[in-house]
Amino acid sequence: MIVRVEGVHASYGPALVLRDVSLGVSPSEAVAVIGPNGAGKTTLLRTIIGMIRPTQGRISYDGQVCNGLRAFETARLGMVYVPAERELFSGMTVLENLELGSYRNFRNMPERLSFVFELFPHLEERRQQFASTLSGGEQQMLAIGRALMGCPKVLLLDEPSTGLAPKTVAELYRQLARLKTAGLTMIITEQQVPLALSLTDRAYVLEQGSIRLSGKSADLVGNPEIKAAYLGVT
Amino acid sequence: MSRWPIFSRYADLVLLAILLALVPAFAAGSPYYLRLATLAVVYMGWTVAFNLIFGHTKQLFLCVGALAGLAAYVTAVLSQQLQLSPWITIPIGVAAAAGLGALFSYVSVLRGLGVIFVGIVTLAFSLIFQNLVLGLRQFTNGETGLVTRGLGFALLEHPLAAYYLFIVALTLALVVYSFVMGSRMGFAFRALSDDELTAELSGIDVTVCKVIAAALGSAIIGMGGTLYGFYNGIISPGLFSFANVDIPVLISLLLGGMRTRLGPVIGAAVFAVIEEFVRPFGQLNVLVDGLLLIVLFIAFREGLVVNVRKALGRTAMLWPTWLPALAPDDMSNARPSGKMSPRAE
Amino acid sequence: MTATLFDGIVQGLQLSLLAAGITLIYGLGGVLNLAHGQFAVLGGVAAKLLLDRGAHPMLAGISGIVAAGLFGLLVDRSLLLPAYRYRGEERLLLGLILTLGLSFVIDGYLNYVFSDFSLTLSLPIASVQIAGIPMRTAGLMTSLIAVMVFLALFAFLRWTLLGKTIRSIIENEVGAELCGIDPVRTRTIIVGLATMMAGLAGIAQGLFSSLGTEMGPGFTILGLLVAVVGGVRSINGALVAGVFLGIVNAFASRYIGAYVAFIILLATAMATILLRPSGLLARFT
């Protein structure tokens, strides 16, 4: 298991958001975390990379415990987070955003750049444009592209489909599928359940801070509870 | 909580007034200490107003001294030049301060200025005010100062009576503060200081709230300024400078605790005491001031009131239930620092 | 009239140096350094101390600047630590108070120990003629140095990796962390750089008139005003705003009068902030 979360509790101020959450991801696996709004999906990802310190429990990456590490330290170790807000450098160009993404392995920058441009040709067209002038879909691609520039071993994506048109989402997930085939480990949280389940190998259902269900994505698609709650099928 | 709800809400203010009234007894008839106490009360009033403007509606008005000075000079000049009674000139002075404060607030909201910007603009105004007073020598007598003694406010020329008058004024200011904070507007203030955008989206008219807070606070500041002007016997620009007024007020508020009811009062009192201890150091007192500022802020991050409350909270069971002074004015100081609003997951 | 313009540019550049430092510290640390002016004074004091011991003026000047920078590093790693534990507005407020306290400490100490201090440096040639216009060499030299510093700064920020890292932290600290950038270490470097620029401004003051230990607060206020007018996160803005306000002040002083000139300066600053709240060069960082 390249990422292991064991018995983690986390809080936002006085409110306990994650209760006793445990999950694991094996190398080259794609895992989905689905659940309703407020379930704690974002908190989970933030806790994994270190933006939030868990009050209990353990998080290990590549065999090492990484509870106490800051976000930039886990990023340097190879676990990169793409938040829902994207957190791009809006006053800087697409190219500069990507360059900064490869901060931790600047020597490989040119190769990584061609890799990312090949994956997201739109970005290459707009390389000198300011990040703030990109469309929603392009910004999401830039955020993911920036994360990829650092040659991450694990990619954590928070609701990548938010605010994007269906066509853009489909395109995005196509590229994510390519990355998966290339061997990238991913943890994806999503509100758009069918998408997430179609891309990933396994999934966890997070509700009110606890894991309620888990299993192979293919199985969960057929699960009647999931179907009723998330797929709108009765 | 008790059979007399009004009483319990203002009980601590009455207690405060009584406490302050007893101070002259300890002054042992020394005019020096009486004057110190009087000045402390004036600054308490200014700090209460600043709490309203900055603590509750986040408008960093770095022009408290200038507003007070404006009111004082307007009142004094009108009284002197037009031979008008203070009953007329004081309201005009206060109105001038209130109007200007409201104007700053309105323009800032209109232009969407953030906290720092408001601070810088008002700071610029403070400096402009200083230079204006010096420049308009024919009216203000420039640096020499304008004599206010004998302009018609005889009561303030008597030290003890002046002291009690200021206590009455302070209590009035606190009553107004409590009344506002207890009203629906006060509720709006709390929402505002927590998250302005959300407050706006919840239907709270942020502009109205801020402007009213600024106007009210500036009026209190102006009131303090005019009364102080008469009390002092002479006013000069240096009296109302940024270093003389704004910095002590800022320190007092942060020391006592923002957004608490008695924080400003306690903060100003403690600051006055500290200043007295620091005085014998002469030139080095500025250095000591700075050290104290640093040490106190690292030690008492949320202000004295909150820290004392926490300490007393552990003995809460022993306190009489009708003592509301320990009840938090709003919960914002209970919030852990480094606030993060829970976002939709 | 060109002499006034020249004067304005010279003073303006000095203001820009101070403002750029404040902008950098605010952009990278989220702290408004109310003690910035005191760093300028410190630079001058250190230079004077060395001069008095017979050091070569160039050496004294450079040492003064370095001293200011080192002290800035020290402050960032000690005094400001409590502020850095928080984020956003809480950090801003705490940083404000801590730097205010620091400014008092430095001011009090310097005024007490060096009560008769005055740094006045003079150059061998008092003035030169360029294109028929007499200019004071002091002013010429300091503006040249300031311009070079800014050019170097811009080149650094635009082209080097460290420079881009700095810009990225100013843009978005969270985003930078996600890229693996350690904001703390970068910030310390920048605080050192910013305080060195302040030290340079202080020594410049000694060059074209004279520096006194009580000038700290004045420097800070002017630096703050210029920084805010330029858009508190924009270094280009600090440069433009400084020169602009310097010119305004020079012309107002020359043709109207010192008191009123200051009022005009302040009023211009206020007006600019009200008209363009996001800063003069809001669109271009």
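Think of it as A, B and C in the order they're written, each chain with its own count starting at 1.
Note that in this section a residue touches a chain if its C-beta (ideal position, glycine included) is under 8 Å from a C-beta of that chain, and two chains touch if they have at least 3 such contacts.
Because the structure is predicted, anything quoted here is derived from the model rather than measured.
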{"item": "Most contacted chain pair (by C-beta pair count)", "value": "B-C"}
{"item": "Most distant chain from subunit C, judged by the mean position of its C-alpha atoms", "value": "A"}
{"item": "Between subunit B and subunit A, distance of the C-alpha-averaged centres to the nearest whole Å", "value": "49"}
{"item": "Gap in Å, rounded to a whole number, between the CA centres of subunit C and subunit A", "value": "42"}
{"item": "Chain centre separation in whole Å, for subunit C relative to subunit B (CA means)", "value": "32"}
{"item": "Residue list for subunit B, restricted to those that touch at least two other chains", "value": "339"}
{"item": "Subunit A contact footprint on subunit C (complex, rising order)", "value": "161, 164-165, 167-168, 171-172, 174-183, 285"}
{"item": "Residues of subunit A that touch subunit C when the two form their complex", "value": "70-72, 75-76, 80-83, 87-92, 96, 99-101, 103-104, 106, 146-147, 150"}
{"item": "Contact footprint of subunit B on subunit C as seen in their complex", "value": "32, 79, 82, 85-90, 92-94, 97-98, 100-109, 111-112, 115, 217, 221, 224-225, 228, 232, 259-260, 262-263, 266-267, 269-270, 273-274, 277"}
{"item": "Parts of subunit B lying in touch with subunit C, wherever the complex brings them together", "value": "107, 111-117, 120-121, 123-125, 127-128, 131-132, 134-135, 243, 247, 251, 254, 283-294, 297-298, 301, 337-339"}
